[in-house]
Amino acid sequence: MLITKHEDFNYGSIKLFCGSSHHELASQVATFLGVELSQREIVKFPNENIFVKLGESVRGKDVFILQTGCPPVSDNILEMLIMIDAVRRGSAARITLVVPYMPYGRSDKKDQPRVPITARLVADLIQTAGADRYITVDLHAGQIQGFFSIPGDEVTSFHLLSEYFLTKRHEMYNPTIVTADLGFAKKGRNFAARLSMPMAFVEKRRTGNDATSEVMTVIGDVQDRDVVIVDDEISTAGSIKNTVAVVKNHGARDVYVSCTHPVFAGPAIERLRALPIKELITTNTVPIPPERMLSNITVLSVAPLLGEVIMRVHDGRSVGELFNE
Amino acid sequence: MLITKHEDFNYGSIKLFCGSSHHELASQVATFLGVELSQREIVKFPNENIFVKLGESVRGKDVFILQTGCPPVSDNILEMLIMIDAVRRGSAARITLVVPYMPYGRSDKKDQPRVPITARLVADLIQTAGADRYITVDLHAGQIQGFFSIPGDEVTSFHLLSEYFLTKRHEMYNPTIVTADLGFAKKGRNFAARLSMPMAFVEKRRTGNDATSEVMTVIGDVQDRDVVIVDDEISTAGSIKNTVAVVKNHGARDVYVSCTHPVFAGPAIERLRALPIKELITTNTVPIPPERMLSNITVLSVAPLLGEVIMRVHDGRSVGELFNE
Amino acid sequence: MLITKHEDFNYGSIKLFCGSSHHELASQVATFLGVELSQREIVKFPNENIFVKLGESVRGKDVFILQTGCPPVSDNILEMLIMIDAVRRGSAARITLVVPYMPYGRSDKKDQPRVPITARLVADLIQTAGADRYITVDLHAGQIQGFFSIPGDEVTSFHLLSEYFLTKRHEMYNPTIVTADLGFAKKGRNFAARLSMPMAFVEKRRTGNDATSEVMTVIGDVQDRDVVIVDDEISTAGSIKNTVAVVKNHGARDVYVSCTHPVFAGPAIERLRALPIKELITTNTVPIPPERMLSNITVLSVAPLLGEVIMRVHDGRSVGELFNE
Amino acid sequence: MLITKHEDFNYGSIKLFCGSSHHELASQVATFLGVELSQREIVKFPNENIFVKLGESVRGKDVFILQTGCPPVSDNILEMLIMIDAVRRGSAARITLVVPYMPYGRSDKKDQPRVPITARLVADLIQTAGADRYITVDLHAGQIQGFFSIPGDEVTSFHLLSEYFLTKRHEMYNPTIVTADLGFAKKGRNFAARLSMPMAFVEKRRTGNDATSEVMTVIGDVQDRDVVIVDDEISTAGSIKNTVAVVKNHGARDVYVSCTHPVFAGPAIERLRALPIKELITTNTVPIPPERMLSNITVLSVAPLLGEVIMRVHDGRSVGELFNE
Amino acid sequence: MLITKHEDFNYGSIKLFCGSSHHELASQVATFLGVELSQREIVKFPNENIFVKLGESVRGKDVFILQTGCPPVSDNILEMLIMIDAVRRGSAARITLVVPYMPYGRSDKKDQPRVPITARLVADLIQTAGADRYITVDLHAGQIQGFFSIPGDEVTSFHLLSEYFLTKRHEMYNPTIVTADLGFAKKGRNFAARLSMPMAFVEKRRTGNDATSEVMTVIGDVQDRDVVIVDDEISTAGSIKNTVAVVKNHGARDVYVSCTHPVFAGPAIERLRALPIKELITTNTVPIPPERMLSNITVLSVAPLLGEVIMRVHDGRSVGELFNE
Amino acid sequence: MLITKHEDFNYGSIKLFCGSSHHELASQVATFLGVELSQREIVKFPNENIFVKLGESVRGKDVFILQTGCPPVSDNILEMLIMIDAVRRGSAARITLVVPYMPYGRSDKKDQPRVPITARLVADLIQTAGADRYITVDLHAGQIQGFFSIPGDEVTSFHLLSEYFLTKRHEMYNPTIVTADLGFAKKGRNFAARLSMPMAFVEKRRTGNDATSEVMTVIGDVQDRDVVIVDDEISTAGSIKNTVAVVKNHGARDVYVSCTHPVFAGPAIERLRALPIKELITTNTVPIPPERMLSNITVLSVAPLLGEVIMRVHDGRSVGELFNE
């Protein structure tokens, strides 16, 4: 006789901890879930050693730790690993690491000799520390999923961003999707298809005997069209700057920019401020400090998305059906 | 006092074994290296169990096993794993697996729910069986390197193929690089840059209420130009067939095709035979049986490339400098 | 205060998937359990890559995957590993692999130099893919249990087969158990003891200067007796053929044959058809295609056995007491 | 919607097994928990092979195995590992090893070349056998926790012992804490602080040209004071013997001794019997056979402590708060 | 250019250590190899903790550690693991464990519920401690090789023992091989074939309602024949005692006994002394203390065999060819 | 025949890389070894991702990477792990990590609930990244050796520091060793014994109802004596400050301080500058930036020590004998 189980496997009640990287997002997720953020003390001692002490028992609990890959990057990675260790040694039933922006995603292959594959290293470190699962948003390359042997959920901001553009579409004139990086061509195509817009590409090529000058070419048509430049992240905004310049040179009208991760490193904000961008739409996988916020930046929150996924993971319900249309 | 070592670390003399998948390539590599292929017996019993017996001692030797991911794919994978096990239990000093065409490269991420990441699984199986290193050619995605924790060398046929086109360039009229798949856009750009040719892209988009019909668009200019379609592998040739059709419809002149891996599965040969392709240039990472060979196919051998890499791996000399120009 | 738990540990509700190897047995097990077989799509692409997509969420479920080691053996092994990977990455709570006939059981030791131990390799592959437990029937050698570090349940068809013979015993004249292979002598003794029959052995020895001719000897008495030849599996039926011949030569009357696994490879069916066997009793751990079925073959289903074990594993109840008399 | 879970994660009902090392303590713990000790058969065969057979199913149960590191030490370690293996292969839901006295704690570092770190080895063996967690009392060095990668709970007899001394304090004259080993200085300080007593140290130093003679120095004041010598374990009592001698020489009055682990090896009992110790307070982490018991030894039971921790581990409630004052 | 290597891979000069179990055999092996046994100190402290200190540096050396599975079994296993740990942390280049008699070989499968597979556990412990390879003689079941994932060499005393019987054959009258255990039937056949003798089997069966009485049957012919009883080990000699009795009852003449491992546990020597055995031929994989030696026991040394294998392992030469005739 | 090997195992020629933490020490070591520091490029991108590119091939080389645990601590740890990954994927024969000051040594146990054991985590991260061995100086606790499963060499500055004090001894008046931390009592004793000085201890105890005030006691005699305060590291110098105050209050004359690791975090330098310390003797395991250097600090270089150990590790010669007196 098969004994009827009244509910599915569970790992104890939920505990949501956040590291120091993105308290605001963690709070939004906690609100969405209807739970309090769990107490923890994080101290950076004068000798720069990071110390973590959990403020409540995690024994037998289903623990989620939210930390994102923003600056200070090395501190945040170490802190994340140390938190996992504390939770693991505290005998949690399950540990799910929630990393909205996975650091080092661009170091995902040896494209030249004698370099590391740091994204794989980061995956290994997370597993070594003791995470049982991970949740992340829009990896730089989907293959990074395969760097983990623990199961995980890569969720995408694609629907969030594309829905937003659908509401904007009527304001745009002959809008065209442009990818600033050929590595994003395929994902750019998905935006184009979803928004029923044509595409164009910007190709960058080194020229001259000394390969020091760079020539940008637009492949496809942007003349007299509104342009939506799409990418997964904006780091120093160098590539966006060049792309805006070249599409403008080729006669583009209004320029919109869309990306999941507003990394905004180094000169990014100064560059973005100076550019003729009508609107930059992004998410809060990475926090934007108030002093680096610009008036033409729209930030969509991934908190409901992460919250919904956490809930389903906790309840043992399908995450996949969230993304089926 | 630091004791002077007269030579670098070595793993004993070299042994090159081949599985049943590609004896011809293995022989070419052996000739290049100036060694005999090592003896081994491979039997498939009536119960379909594969049996391997090494014909010579591998104790303390530096063993290379060459097997490629061609049909029968499952048999070749199992045979490869069994050979590694036999060599490992035979106490080889080091085992390097040489897989010119890594199978399951296209299953490299969960791009929909509830599917496996078989490329990572294959990497894990190889490590479980006991390989210490791997050598492969042109992975479907460079990130697959990161699926391995053992070190490896991904070598590329890019120079081989592009050198060939350089010798052909004077015969072509306004040649243009076209990628049939947007996922190959970035690597296509490298061909374009190396050959000083412009680029165009073919974009495929599903349309109609039922998403059953597909529309192909050419982005960029192919009118009245010779076209070189580049990709990493040709499987069923469905994508090549459509690409040739659409560039011809847009006024292209001669069509050349280039790919590393001539997988040529299912209807591929019939499709290729029927297409107006002037020349298809590929390599022998996958064997093409004589009866599936076409007169317009040119096969460049990767044997010297693999041989050179094996030699350097064995000698402890740099592989990276091979690919620096 | 020890908190009273109302039920034992569980891993969520049950999901039973089957690979392509033995749909009929899986259906019988599902019926026994009172569940539906879970949906999955298995495709072998033209390039022979196997693709698996689960048709329902396995998140937090207690998943059982049934696949047996019959032809196409390599495909079935790969498919099994790929299914495990898909289920694992789909975040199942627990994965139990049900392999009624474990492939490569005969490759269980290095009985000559430079050969693999493929049965251990298969165990390692299964664990690498991510199975948490296994269930199997009558391993070629019980020690293969020790090739796994995950826990498992080896169930036996011994009671099923011996009960059947008990109902037949009155029809037999002076029945005697005969083992065709000395490696099965000890297990043969168990049949003899259970059925209260005497034993005889057939010994095979190579002779002549060139060791090419083989002499069969009967040790013990078969003259004028009905004979029950017992073994764990029948592969090419070569050994059965010789055993029947030699017992007949020594004056045996009716010959019965019993084995757990009807592998029936290569010439097996032709040989069995030609032999004077009164009845061959076996189980359905391996499917017998209708065209290879003979009128004197009786197939006993292991479905109730496997179903009962799965039920107990799922419920956390003892499996061992099933086999205590 | 977050599904409300009515209780926390659990691993099935509790099973408490004991090895042969300390049946009495295990019985006390069972009584505390209100459970029966689980049945198991342990046999040491004539060939000295240890055989374990569990007397009840552990499938899906939350199993605790109690074994302490007393003589016969090697047998007890092997037996413990074999029990874990049997429980693991019997498909327990979780295995917690309860080792009141962890053997080989003093072999915790390479303090000279070419020696092992046996305490780490023991931790590795325990994990290899398959324990999921451990519980222990007063490790020789707290760092041994870090030799385990599985989570564990080191509980301390500090409160038990110090509470006892608090009840005795009024009988003592100017009591002073003395550590016999400088490695215990810091923990000795905790006793001194808790009991509001001053401290003194005994320092041992080798002298003479041949370093064969040893000089003991008292640092701090013991003249005309009652002395409480504290240490973690008493092995051969050599160090206690010398310490008592030297404090007596320096004018100490009554001498009390306190330790967690009464290992009492080799000449220990004879030495202790001969020493002018008023009372030796210890615990039952290690059994003291009746014939080695002395009238001035007081044994405090750790059973309630271990029982409470097991209960909380089983229930998923905080263990840490037990030790917060 | 492939750089010519002048010699094969090596792991530094050889070091042979022995544990306390079998100094005599280790000395013989050292003499065979022309090396001194390496210095080490092994102490069993009063608290029964085993302490090992290597007397010479093993850094960069090819270390062999010889320890056999004789009593005190648990001490010898622990000592062996501790020695491996010391050698590993001492930075040996390679560690080969030489275990002439592998302990716990008979605990190689779960032949009843809720028991361990201790032979697999022992293999795991050896690997956890850090051995890179193993060498052993005549495992109880060849499958135990598959319990190791490190490579190893199982050598056999079959040739040693059978050569000895060949020199004796002319003294025997109609000699017949008899196996005392059906599990040894197949290996018994190898002796029969090598010595050109017929075979008989002794079958043991429990009878009566209460299964307490045992009936021994001889299958095959021993009447008026000399009998050679073969087995892998003699533990308590209970099975030998019964076998000798039953063959004598069936009219056998002289009885010879052959086994690889003279474990001689518990009542073994008294039983053997009382039995009408003409000669018992065995090896020194297990030491026989002088007081347990009998005049009719012949001990053949495996030292040359082990020495030759060690030499070949060290030199990177084939071991397999040693056993090919 | 045992083939004579002319030299011991080697891992190819030596390569010494340094991270960004301590270029000066690495240069000294390189000079000692007579090699050039190997080329590498280390960049911290604007997004704070650390990028490493080796400037020379490490294939088949014996690679040493020197990085110490000084600020920026998190960056230095990450950089170290990334360098190891690059070297490992670059196919080095062996990787030895040289960490003169191991970070997070003080987080070596759970001395309160719900905290991590970060020192073990760091050991695991180092192994996960791929180091084969480590070399370090004076771990905070010797047990941290046991956190590693890879072999390693902990070298000590004890001889360096104590030799220095021996040359100073004649200038001191009744010198006494004082430990500022009871956890260092045992190691302090070693200094006392080596320098033939008596000892005293400073004990710190919290008092008052609220445990906020702290009382320092001197145990032993410092009146009218020169005092040498010994510890393993000076972090914020808070403990040194209190110790100096209390020994001065008890009538001490000149105060010397000795420590291995001059961490000098936060307020350390200001505190040290203000203290009446005659001389502070330390080493260069951690760099002291010129602006934080004081005139009464003497820095002894560990470069010859590390260099000698690296040489012996590379040559396969004993390291242990270096530290035997």
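We just call them A, B, C, D, E and F in the order they show up, numbering each chain from 1.
Throughout what follows, contacts are C-beta pairs under 8 Å (C-beta built on N, C-alpha and C of every residue); 3 or more make two chains touch, one makes a residue touch a chain.
Quick caveat: nothing in here was measured; it's all calculated off a predicted structure.
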Any chain in contact with chain A as well as chain B: C, F
Homomeric contact chain B-chain E: same or different residue positions, threshold half: different
Separation of mean Cα positions, chain E and chain C [Å, integer]: 32
Computed distance of Cα centres, chain F from chain A, in Å: 39
Whole-Å gap separating chain C and chain F, where each centre is the average of the chain's CA atoms: 60
Numbers and ranges of chain E residues touching at least 2 other chains: 10, 57, 89-90, 110, 112-114, 117, 120, 124, 315, 318-321
Pairs of chains found to touch, sorted by chain label: A-B, A-C, A-D, A-F, B-C, B-E, B-F, C-D, C-E, D-E, D-F, E-F
Touching residues on chain E, where the partner in the complex is chain B: 1-3, 5, 8-10, 133, 151-153, 312-313, 315-321
Residues of chain D defined as touching chain C within the complex: 7, 10-14, 33-35, 57, 59-62, 88-91, 93-94, 311, 314-315
Residue ranges of chain E in contact with chain D within the complex: 45-58, 71-75, 77-78, 81-83, 85-86, 89-90, 103-104, 106-107, 110, 112-118, 120-121, 124-125, 128-129, 235-236, 263, 265-268
Of all residues in chain E, those that touch chain C in their complex: 108-114, 117, 119-120, 124, 141-147, 149, 154, 181-183, 185-186, 188-189, 192-193, 198-201, 203, 205-206, 217, 219-220, 318-321, 323-324
